[in-house]
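A single structure is presented below for examination.
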(Lines give C-alpha, C1' and ligand atoms only; values in the text may rest on other atoms or scores of the structure.)
Protein backbone atom coordinates (compact mmCIF):
# COMPACT_ATOMS: atom_id res chain seq x y z
CA UNK A 1 0.00 0.00 0.00
CA UNK A 2 2.90 2.33 0.60
CA UNK A 3 4.07 1.61 -2.93
CA UNK A 4 7.65 1.96 -4.01
CA UNK A 5 10.27 -0.77 -3.99
CA UNK A 6 10.16 -2.54 -7.32
CA UNK A 7 10.78 -5.91 -5.66
CA UNK A 8 7.47 -5.46 -3.83
CA UNK A 9 5.74 -4.53 -7.06
CA UNK A 10 7.11 -7.59 -8.79
CA UNK A 11 5.97 -9.86 -5.97
CA UNK A 12 2.53 -8.30 -5.80
CA UNK A 13 2.03 -8.75 -9.52
CA UNK A 14 3.36 -12.31 -9.38
CA UNK A 15 0.74 -13.12 -6.75
CA UNK A 16 -1.97 -11.35 -8.68
CA UNK A 17 -1.00 -13.27 -11.79
CA UNK A 18 -1.13 -16.52 -9.84
CA UNK A 19 -4.67 -15.84 -8.70
CA UNK A 20 -5.70 -14.70 -12.17
CA UNK A 21 -4.34 -17.93 -13.70
CA UNK A 22 -5.94 -19.96 -10.90
CA UNK A 23 -9.47 -18.67 -11.48
CA UNK A 24 -9.03 -18.94 -15.24
CA UNK A 25 -8.26 -22.64 -14.94
CA UNK A 26 -11.41 -23.15 -12.87
CA UNK A 27 -13.59 -21.08 -15.19
CA UNK A 28 -12.22 -22.94 -18.20
CA UNK A 29 -13.12 -26.24 -16.54
CA UNK A 30 -9.46 -27.27 -16.58
CA UNK A 31 -9.76 -28.93 -13.19
CA UNK A 32 -6.80 -31.22 -13.77
CA UNK A 33 -4.60 -28.10 -13.73
CA UNK A 34 -6.06 -26.95 -10.43
CA UNK A 35 -3.78 -28.94 -8.05
CA UNK A 36 -0.69 -27.62 -9.84
CA UNK A 37 -1.31 -24.15 -8.44
CA UNK A 38 -0.49 -25.60 -5.01
CA UNK A 39 2.74 -26.81 -3.47
CA UNK A 40 3.09 -30.54 -2.87
CA UNK A 41 2.00 -30.09 0.73
CA UNK A 42 -0.19 -27.09 -0.01
CA UNK A 43 -3.30 -26.50 2.10
CA UNK A 44 -6.67 -25.76 0.52
CA UNK A 45 -9.36 -24.82 2.97
CA UNK A 46 -12.89 -23.52 2.48
CA UNK A 47 -14.71 -21.92 5.38
CA UNK A 48 -17.30 -19.22 6.04
CA UNK A 49 -16.99 -15.65 7.26
CA UNK A 50 -19.22 -16.60 10.17
CA UNK A 51 -16.81 -19.31 11.30
CA UNK A 52 -13.86 -16.95 10.99
CA UNK A 53 -15.59 -14.23 13.00
CA UNK A 54 -16.53 -16.62 15.76
CA UNK A 55 -13.00 -17.99 15.85
CA UNK A 56 -14.22 -21.44 14.91
CA UNK A 57 -11.69 -23.71 13.20
CA UNK A 58 -14.47 -25.38 11.21
CA UNK A 59 -13.89 -26.01 7.56
CA UNK A 60 -16.22 -26.94 4.77
CA UNK A 61 -13.29 -28.44 2.93
CA UNK A 62 -9.82 -29.06 4.29
CA UNK A 63 -7.11 -30.70 2.24
CA UNK A 64 -3.40 -30.78 2.97
CA UNK A 65 -1.73 -31.95 -0.21
CA UNK A 66 -1.78 -31.73 -3.94
CA UNK A 67 -2.59 -35.43 -4.04
CA UNK A 68 -5.80 -34.84 -2.11
CA UNK A 69 -6.79 -32.18 -4.62
CA UNK A 70 -6.17 -34.61 -7.46
CA UNK A 71 -8.50 -37.06 -5.75
CA UNK A 72 -11.15 -34.38 -5.53
CA UNK A 73 -10.84 -33.63 -9.23
CA UNK A 74 -11.15 -37.30 -10.07
CA UNK A 75 -14.30 -37.55 -7.98
CA UNK A 76 -15.69 -34.46 -9.67
CA UNK A 77 -15.09 -35.89 -13.11
CA UNK A 78 -16.74 -39.15 -12.15
CA UNK A 79 -19.72 -37.36 -10.64
CA UNK A 80 -19.92 -35.51 -13.93
CA UNK A 81 -21.98 -32.69 -12.52
CA UNK A 82 -20.21 -29.88 -14.32
CA UNK A 83 -21.70 -30.17 -17.72
CA UNK A 84 -24.74 -28.12 -16.97
CA UNK A 85 -23.15 -24.89 -15.84
CA UNK A 86 -20.27 -22.52 -16.18
CA UNK A 87 -18.56 -20.29 -13.65
CA UNK A 88 -16.91 -16.90 -13.89
CA UNK A 89 -14.67 -15.51 -11.17
CA UNK A 90 -13.81 -11.85 -11.04
CA UNK A 91 -11.16 -10.98 -8.49
CA UNK A 92 -10.13 -7.61 -7.14
CA UNK A 93 -6.53 -6.46 -6.82
CA UNK A 94 -4.47 -8.61 -4.47
CA UNK A 95 -3.16 -6.92 -1.35
CA UNK A 96 0.12 -7.98 0.24
CA UNK A 97 -0.32 -8.24 4.00
CA UNK A 98 3.12 -9.46 4.94
CA UNK A 99 6.18 -11.23 3.61
CA UNK A 100 8.56 -13.45 5.53
CA UNK A 101 10.42 -16.73 5.27
CA UNK A 102 7.11 -18.62 5.09
CA UNK A 103 6.06 -16.74 1.99
CA UNK A 104 3.81 -13.86 1.04
CA UNK A 105 0.49 -13.44 2.81
CA UNK A 106 -2.00 -11.96 0.43
CA UNK A 107 -5.67 -11.15 0.45
CA UNK A 108 -7.97 -10.98 -2.59
CA UNK A 109 -11.74 -10.42 -2.83
CA UNK A 110 -13.78 -12.38 -5.35
CA UNK A 111 -17.21 -12.79 -6.87
CA UNK A 112 -18.30 -15.88 -8.76
CA UNK A 113 -21.15 -15.93 -11.25
CA UNK A 114 -22.87 -19.14 -12.33
CA UNK A 115 -24.12 -19.41 -15.89
CA UNK A 116 -26.65 -22.16 -16.43
CA UNK A 117 -26.92 -24.13 -19.62
CA UNK A 118 -30.05 -22.15 -20.40
CA UNK A 119 -27.98 -18.98 -20.29
CA UNK A 120 -29.41 -17.71 -17.03
CA UNK A 121 -26.72 -15.92 -15.03
CA UNK A 122 -26.67 -15.41 -11.27
CA UNK A 123 -24.31 -14.25 -8.58
CA UNK A 124 -23.25 -17.54 -7.06
CA UNK A 125 -20.66 -16.88 -4.37
CA UNK A 126 -18.62 -14.06 -2.90
CA UNK A 127 -15.76 -14.00 -0.44
CA UNK A 128 -12.07 -13.52 0.04
CA UNK A 129 -8.95 -15.56 -0.55
CA UNK A 130 -6.42 -15.56 2.28
CA UNK A 131 -3.32 -16.92 0.60
CA UNK A 132 0.21 -17.79 1.53
CA UNK A 133 2.27 -17.87 -1.63
CA UNK A 134 5.78 -19.19 -2.14
CA UNK A 135 7.87 -18.27 -5.18
CA UNK A 136 10.45 -20.95 -5.97
CA UNK A 137 13.93 -20.45 -7.39
CA UNK A 138 12.64 -20.82 -10.91
CA UNK A 139 10.29 -17.89 -10.28
CA UNK A 140 7.12 -19.99 -10.16
CA UNK A 141 4.55 -18.86 -7.60
CA UNK A 142 2.41 -21.47 -5.85
CA UNK A 143 -0.04 -21.62 -2.98
CA UNK A 144 1.44 -22.97 0.23
CA UNK A 145 -1.99 -22.27 1.67
CA UNK A 146 -5.24 -21.01 0.24
CA UNK A 147 -8.12 -20.28 2.58
CA UNK A 148 -11.39 -19.49 0.82
CA UNK A 149 -13.65 -17.53 3.17
CA UNK A 150 -17.19 -17.54 1.83
CA UNK A 151 -19.49 -14.68 2.81
CA UNK A 152 -22.59 -16.83 2.73
CA UNK A 153 -23.41 -19.62 5.10
CA UNK A 154 -25.33 -21.41 2.37
CA UNK A 155 -22.68 -23.78 1.22
CA UNK A 156 -24.31 -27.01 0.11
CA UNK A 157 -23.99 -26.67 -3.63
CA UNK A 158 -20.65 -25.03 -3.28
CA UNK A 159 -19.08 -28.11 -1.80
CA UNK A 160 -18.04 -29.85 -4.93
CA UNK A 161 -16.70 -26.91 -6.86
CA UNK A 162 -13.14 -25.63 -6.82
CA UNK A 163 -13.41 -22.05 -5.58
CA UNK B 1 -2.05 3.90 -19.49
CA UNK B 2 1.08 4.53 -21.50
CA UNK B 3 2.97 2.37 -19.01
CA UNK B 4 6.62 2.83 -18.29
CA UNK B 5 8.09 5.06 -15.63
CA UNK B 6 8.40 3.04 -12.47
CA UNK B 7 7.39 6.04 -10.33
CA UNK B 8 4.01 5.95 -12.08
CA UNK B 9 3.70 2.22 -11.51
CA UNK B 10 4.49 2.63 -7.83
CA UNK B 11 1.90 5.38 -7.44
CA UNK B 12 -0.75 3.46 -9.32
CA UNK B 13 -0.22 0.38 -7.17
CA UNK B 14 -0.20 2.51 -4.01
CA UNK B 15 -3.60 3.89 -4.97
CA UNK B 16 -4.90 0.48 -5.91
CA UNK B 17 -3.69 -0.87 -2.58
CA UNK B 18 -5.42 1.99 -0.79
CA UNK B 19 -8.74 1.17 -2.43
CA UNK B 20 -8.26 -2.56 -1.81
CA UNK B 21 -7.61 -1.93 1.89
CA UNK B 22 -10.53 0.52 2.04
CA UNK B 23 -13.12 -1.93 0.73
CA UNK B 24 -11.68 -4.72 2.89
CA UNK B 25 -12.26 -2.65 6.02
CA UNK B 26 -15.87 -2.06 5.00
CA UNK B 27 -16.47 -5.70 4.07
CA UNK B 28 -14.92 -6.82 7.36
CA UNK B 29 -17.28 -4.50 9.23
CA UNK B 30 -14.31 -2.58 10.66
CA UNK B 31 -16.13 0.72 10.31
CA UNK B 32 -14.02 2.41 12.98
CA UNK B 33 -11.07 2.08 10.60
CA UNK B 34 -13.00 3.70 7.76
CA UNK B 35 -12.30 7.38 8.61
CA UNK B 36 -8.56 6.66 8.79
CA UNK B 37 -8.44 6.16 5.04
CA UNK B 38 -9.20 9.87 4.68
CA UNK B 39 -7.14 12.95 5.40
CA UNK B 40 -8.19 15.11 8.35
CA UNK B 41 -10.11 17.41 6.04
CA UNK B 42 -10.91 14.69 3.52
CA UNK B 43 -14.13 14.87 1.55
CA UNK B 44 -16.47 11.88 1.24
CA UNK B 45 -19.32 12.39 -1.15
CA UNK B 46 -21.93 9.99 -2.50
CA UNK B 47 -23.93 10.95 -5.56
CA UNK B 48 -25.61 9.33 -8.56
CA UNK B 49 -24.56 8.99 -12.18
CA UNK B 50 -27.73 10.83 -13.12
CA UNK B 51 -26.77 13.83 -11.03
CA UNK B 52 -23.28 13.85 -12.49
CA UNK B 53 -24.57 13.69 -16.05
CA UNK B 54 -26.99 16.51 -15.52
CA UNK B 55 -24.29 18.60 -13.89
CA UNK B 56 -26.21 18.73 -10.63
CA UNK B 57 -24.13 19.31 -7.49
CA UNK B 58 -26.56 17.21 -5.47
CA UNK B 59 -25.15 14.72 -3.04
CA UNK B 60 -26.71 11.86 -1.17
CA UNK B 61 -23.99 12.19 1.44
CA UNK B 62 -21.48 15.00 1.76
CA UNK B 63 -18.95 15.12 4.55
CA UNK B 64 -15.85 17.27 4.75
CA UNK B 65 -13.76 15.85 7.58
CA UNK B 66 -12.64 12.67 9.23
CA UNK B 67 -14.48 13.79 12.35
CA UNK B 68 -17.77 13.78 10.44
CA UNK B 69 -17.07 10.26 9.27
CA UNK B 70 -16.43 9.20 12.86
CA UNK B 71 -19.82 10.62 13.79
CA UNK B 72 -21.42 8.60 11.01
CA UNK B 73 -19.79 5.42 12.25
CA UNK B 74 -20.99 6.11 15.76
CA UNK B 75 -24.53 6.61 14.51
CA UNK B 76 -24.29 3.40 12.50
CA UNK B 77 -23.17 1.43 15.53
CA UNK B 78 -25.98 2.85 17.63
CA UNK B 79 -28.55 2.13 14.94
CA UNK B 80 -27.14 -1.38 14.95
CA UNK B 81 -28.51 -2.21 11.52
CA UNK B 82 -25.48 -4.10 10.29
CA UNK B 83 -25.92 -7.36 12.02
CA UNK B 84 -28.22 -8.87 9.48
CA UNK B 85 -26.08 -8.64 6.37
CA UNK B 86 -22.63 -8.69 4.91
CA UNK B 87 -21.15 -6.82 1.95
CA UNK B 88 -18.52 -7.71 -0.61
CA UNK B 89 -16.89 -5.13 -2.83
CA UNK B 90 -15.00 -6.15 -5.92
CA UNK B 91 -13.11 -3.32 -7.58
CA UNK B 92 -11.52 -3.17 -11.00
CA UNK B 93 -8.01 -1.87 -11.64
CA UNK B 94 -7.55 1.77 -10.68
CA UNK B 95 -6.77 4.17 -13.50
CA UNK B 96 -4.63 7.23 -12.93
CA UNK B 97 -6.25 10.23 -14.64
CA UNK B 98 -3.79 12.93 -13.59
CA UNK B 99 -1.21 13.83 -10.99
CA UNK B 100 -0.37 17.29 -9.73
CA UNK B 101 0.35 19.19 -6.53
CA UNK B 102 -3.19 18.43 -5.28
CA UNK B 103 -2.58 14.70 -5.49
CA UNK B 104 -3.42 11.82 -7.78
CA UNK B 105 -6.80 11.73 -9.49
CA UNK B 106 -7.85 8.14 -9.91
CA UNK B 107 -10.91 6.29 -11.11
CA UNK B 108 -12.01 2.81 -10.07
CA UNK B 109 -15.15 0.82 -10.94
CA UNK B 110 -16.85 -1.28 -8.29
CA UNK B 111 -19.60 -3.77 -7.65
CA UNK B 112 -21.00 -4.52 -4.21
CA UNK B 113 -22.84 -7.70 -3.33
CA UNK B 114 -25.07 -8.00 -0.26
CA UNK B 115 -25.21 -11.30 1.56
CA UNK B 116 -28.19 -11.69 3.85
CA UNK B 117 -28.10 -13.59 7.10
CA UNK B 118 -30.06 -16.32 5.34
CA UNK B 119 -27.23 -16.66 2.86
CA UNK B 120 -29.09 -15.12 -0.05
CA UNK B 121 -26.70 -13.10 -2.22
CA UNK B 122 -27.62 -10.22 -4.51
CA UNK B 123 -25.94 -7.52 -6.52
CA UNK B 124 -26.49 -4.51 -4.31
CA UNK B 125 -24.76 -1.50 -5.85
CA UNK B 126 -22.47 -0.61 -8.72
CA UNK B 127 -20.62 2.54 -9.61
CA UNK B 128 -17.28 4.28 -9.75
CA UNK B 129 -14.95 5.92 -7.28
CA UNK B 130 -13.53 9.28 -8.35
CA UNK B 131 -10.67 9.75 -5.91
CA UNK B 132 -8.06 12.33 -5.16
CA UNK B 133 -5.28 10.64 -3.24
CA UNK B 134 -2.39 12.23 -1.37
CA UNK B 135 0.69 10.24 -0.37
CA UNK B 136 2.41 11.76 2.68
CA UNK B 137 6.14 11.87 3.43
CA UNK B 138 5.91 8.57 5.31
CA UNK B 139 4.53 6.94 2.17
CA UNK B 140 0.97 6.56 3.48
CA UNK B 141 -1.74 7.12 0.89
CA UNK B 142 -5.03 8.72 1.98
CA UNK B 143 -8.14 10.10 0.32
CA UNK B 144 -8.19 13.87 0.09
CA UNK B 145 -11.49 13.34 -1.68
CA UNK B 146 -13.59 10.32 -2.50
CA UNK B 147 -16.65 10.73 -4.68
CA UNK B 148 -18.81 7.63 -4.93
CA UNK B 149 -20.93 7.80 -8.08
CA UNK B 150 -23.71 5.24 -7.90
CA UNK B 151 -25.16 3.93 -11.14
CA UNK B 152 -28.60 3.44 -9.69
CA UNK B 153 -30.96 6.18 -8.58
CA UNK B 154 -32.43 3.88 -5.94
CA UNK B 155 -30.47 5.03 -2.98
CA UNK B 156 -32.62 4.77 0.09
CA UNK B 157 -31.13 1.71 1.69
CA UNK B 158 -27.68 2.71 0.58
CA UNK B 159 -27.70 5.81 2.69
CA UNK B 160 -26.33 4.42 5.88
CA UNK B 161 -23.62 2.19 4.51
CA UNK B 162 -20.02 3.18 3.87
CA UNK B 163 -19.48 2.62 0.16
CA UNK C 1 3.10 -14.53 -13.73
CA UNK C 2 6.68 -15.14 -12.74
CA UNK C 3 6.97 -11.44 -11.94
CA UNK C 4 10.21 -9.56 -12.16
CA UNK C 5 11.41 -7.69 -15.19
CA UNK C 6 10.13 -4.15 -14.96
CA UNK C 7 9.51 -4.04 -18.73
CA UNK C 8 6.97 -6.83 -18.26
CA UNK C 9 5.36 -4.97 -15.39
CA UNK C 10 5.10 -1.82 -17.43
CA UNK C 11 3.52 -3.68 -20.33
CA UNK C 12 1.08 -5.54 -18.13
CA UNK C 13 -0.06 -2.33 -16.48
CA UNK C 14 -0.32 -0.59 -19.86
CA UNK C 15 -2.66 -3.34 -21.05
CA UNK C 16 -4.62 -3.27 -17.82
CA UNK C 17 -4.96 0.50 -18.15
CA UNK C 18 -6.15 0.09 -21.73
CA UNK C 19 -8.90 -2.29 -20.67
CA UNK C 20 -9.84 -0.09 -17.72
CA UNK C 21 -10.17 2.95 -20.00
CA UNK C 22 -12.05 0.87 -22.56
CA UNK C 23 -14.78 -0.28 -20.17
CA UNK C 24 -15.02 3.20 -18.65
CA UNK C 25 -15.81 4.67 -22.05
CA UNK C 26 -18.58 2.12 -22.54
CA UNK C 27 -19.99 2.57 -19.05
CA UNK C 28 -19.94 6.35 -19.49
CA UNK C 29 -21.88 5.97 -22.73
CA UNK C 30 -19.03 7.58 -24.68
CA UNK C 31 -19.52 5.22 -27.59
CA UNK C 32 -17.88 7.58 -30.08
CA UNK C 33 -14.61 7.00 -28.21
CA UNK C 34 -15.00 3.23 -28.46
CA UNK C 35 -13.45 2.72 -31.94
CA UNK C 36 -10.38 4.70 -30.90
CA UNK C 37 -9.30 1.91 -28.60
CA UNK C 38 -8.69 -0.20 -31.71
CA UNK C 39 -6.08 -0.02 -34.44
CA UNK C 40 -7.24 1.09 -37.88
CA UNK C 41 -7.55 -2.53 -38.96
CA UNK C 42 -8.37 -3.80 -35.50
CA UNK C 43 -10.62 -6.81 -35.13
CA UNK C 44 -13.56 -6.83 -32.73
CA UNK C 45 -15.25 -10.16 -32.37
CA UNK C 46 -17.97 -11.38 -30.00
CA UNK C 47 -18.54 -15.09 -29.59
CA UNK C 48 -19.66 -17.58 -26.93
CA UNK C 49 -17.74 -19.96 -24.72
CA UNK C 50 -19.74 -22.79 -26.25
CA UNK C 51 -18.54 -21.90 -29.75
CA UNK C 52 -14.96 -21.65 -28.57
CA UNK C 53 -15.10 -25.03 -26.83
CA UNK C 54 -16.54 -26.73 -29.86
CA UNK C 55 -13.94 -25.15 -32.08
CA UNK C 56 -16.60 -23.32 -34.06
CA UNK C 57 -15.50 -20.14 -35.83
CA UNK C 58 -18.97 -18.64 -35.37
CA UNK C 59 -19.21 -15.06 -34.24
CA UNK C 60 -22.08 -13.02 -32.92
CA UNK C 61 -20.30 -9.91 -34.12
CA UNK C 62 -17.26 -9.73 -36.34
CA UNK C 63 -15.77 -6.46 -37.49
CA UNK C 64 -12.38 -5.88 -39.01
CA UNK C 65 -11.78 -2.14 -38.89
CA UNK C 66 -12.25 0.95 -36.84
CA UNK C 67 -14.52 2.28 -39.59
CA UNK C 68 -16.91 -0.63 -39.09
CA UNK C 69 -17.04 0.13 -35.39
CA UNK C 70 -17.87 3.74 -36.17
CA UNK C 71 -20.75 2.52 -38.29
CA UNK C 72 -22.00 0.42 -35.43
CA UNK C 73 -21.91 3.38 -33.07
CA UNK C 74 -23.82 5.48 -35.57
CA UNK C 75 -26.48 2.79 -35.87
CA UNK C 76 -26.68 2.55 -32.08
CA UNK C 77 -27.20 6.27 -31.73
CA UNK C 78 -29.91 6.23 -34.37
CA UNK C 79 -31.64 3.28 -32.76
CA UNK C 80 -31.49 5.28 -29.56
CA UNK C 81 -31.99 2.28 -27.35
CA UNK C 82 -29.48 3.26 -24.72
CA UNK C 83 -31.38 5.84 -22.83
CA UNK C 84 -33.17 3.44 -20.57
CA UNK C 85 -30.27 1.68 -18.96
CA UNK C 86 -26.73 1.91 -17.73
CA UNK C 87 -23.91 -0.63 -17.68
CA UNK C 88 -21.07 -1.28 -15.30
CA UNK C 89 -18.11 -3.45 -16.17
CA UNK C 90 -15.80 -4.77 -13.52
CA UNK C 91 -12.70 -6.48 -14.87
CA UNK C 92 -10.19 -8.67 -13.10
CA UNK C 93 -6.44 -8.27 -13.40
CA UNK C 94 -5.16 -8.78 -16.93
CA UNK C 95 -2.85 -11.71 -17.50
CA UNK C 96 -0.12 -11.62 -20.11
CA UNK C 97 -0.12 -14.88 -22.06
CA UNK C 98 2.63 -14.11 -24.55
CA UNK C 99 4.44 -11.29 -26.26
CA UNK C 100 5.92 -11.30 -29.73
CA UNK C 101 6.20 -9.18 -32.86
CA UNK C 102 2.43 -9.29 -33.31
CA UNK C 103 1.84 -7.72 -29.93
CA UNK C 104 0.86 -8.78 -26.43
CA UNK C 105 -1.69 -11.51 -25.97
CA UNK C 106 -3.66 -10.85 -22.83
CA UNK C 107 -6.63 -12.35 -21.08
CA UNK C 108 -9.04 -10.54 -18.75
CA UNK C 109 -12.22 -11.75 -17.04
CA UNK C 110 -15.22 -9.44 -16.77
CA UNK C 111 -18.68 -9.06 -15.33
CA UNK C 112 -21.20 -6.53 -16.59
CA UNK C 113 -24.13 -5.28 -14.54
CA UNK C 114 -27.14 -3.59 -16.11
CA UNK C 115 -28.86 -0.83 -14.19
CA UNK C 116 -32.37 -0.03 -15.39
CA UNK C 117 -33.85 3.44 -15.33
CA UNK C 118 -35.95 2.28 -12.42
CA UNK C 119 -32.76 1.57 -10.51
CA UNK C 120 -33.07 -2.20 -10.66
CA UNK C 121 -29.64 -3.79 -10.99
CA UNK C 122 -28.86 -7.19 -12.46
CA UNK C 123 -25.89 -9.24 -13.54
CA UNK C 124 -26.10 -8.89 -17.29
CA UNK C 125 -23.14 -10.64 -18.86
CA UNK C 126 -19.93 -12.40 -17.91
CA UNK C 127 -16.99 -13.62 -19.92
CA UNK C 128 -13.42 -13.06 -20.90
CA UNK C 129 -11.53 -10.74 -23.19
CA UNK C 130 -8.87 -12.39 -25.35
CA UNK C 131 -6.89 -9.41 -26.56
CA UNK C 132 -3.94 -8.75 -28.80
CA UNK C 133 -2.55 -5.35 -27.91
CA UNK C 134 0.00 -3.27 -29.79
CA UNK C 135 1.83 -0.38 -28.16
CA UNK C 136 2.95 2.19 -30.74
CA UNK C 137 6.11 4.33 -30.69
CA UNK C 138 4.31 7.09 -28.83
CA UNK C 139 3.48 4.61 -26.07
CA UNK C 140 -0.23 4.35 -26.89
CA UNK C 141 -1.72 0.89 -26.45
CA UNK C 142 -4.50 -0.22 -28.81
CA UNK C 143 -6.36 -3.41 -29.60
CA UNK C 144 -5.14 -5.16 -32.73
CA UNK C 145 -7.76 -7.75 -31.85
CA UNK C 146 -10.35 -8.06 -29.15
CA UNK C 147 -12.32 -11.26 -28.85
CA UNK C 148 -15.17 -11.11 -26.35
CA UNK C 149 -16.08 -14.64 -25.24
CA UNK C 150 -19.45 -14.60 -23.50
CA UNK C 151 -20.19 -17.32 -20.97
CA UNK C 152 -23.89 -17.36 -21.75
CA UNK C 153 -25.47 -18.53 -24.95
CA UNK C 154 -28.32 -16.07 -24.48
CA UNK C 155 -27.07 -13.32 -26.65
CA UNK C 156 -30.00 -11.58 -28.26
CA UNK C 157 -30.11 -8.42 -26.19
CA UNK C 158 -26.34 -8.32 -26.05
CA UNK C 159 -26.04 -7.85 -29.75
CA UNK C 160 -26.24 -4.11 -29.93
CA UNK C 161 -24.08 -3.22 -26.99
CA UNK C 162 -20.33 -2.64 -27.05
CA UNK C 163 -18.91 -5.22 -24.67
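Each chain carries a letter (A, B and C) given by its place in the written order, and its residues are counted from 1.
Simple rule for what comes next: contacts are C-beta pairs under 8 Å (C-beta built on N, C-alpha and C of every residue); 3 or more make two chains touch, one makes a residue touch a chain.
Everything numeric here is computed off the predicted structure, so don't read it as measured data.
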### Query
Viewed as a graph of touching chains, is the assembly arranged as a line, ring, star, complete set, or other?
complete
## Note on the structure
Matching the CA atoms of chain A with those of chain C requires turning by an angle in degrees, to the nearest 5, of 120
### Query
From the C-alpha centre of chain B to that of chain C, how far is it in Å?
26
#### Entry: Residue list for chain A, restricted to those that touch at least two other chains
6, 9, 90-94, 111, 123
### chain B partner contacts - residues on chain A that touch it in the complex
1-4, 6, 9, 12, 49, 90-96, 107, 109-111, 123-128, 151-154
### Task
Spell out the part of chain B that touches chain A in their complex, as residue ranges.
6, 9-11, 13-14, 16-21, 23-24, 27, 86, 88-94, 111, 113, 115, 118-123, 135, 139-141
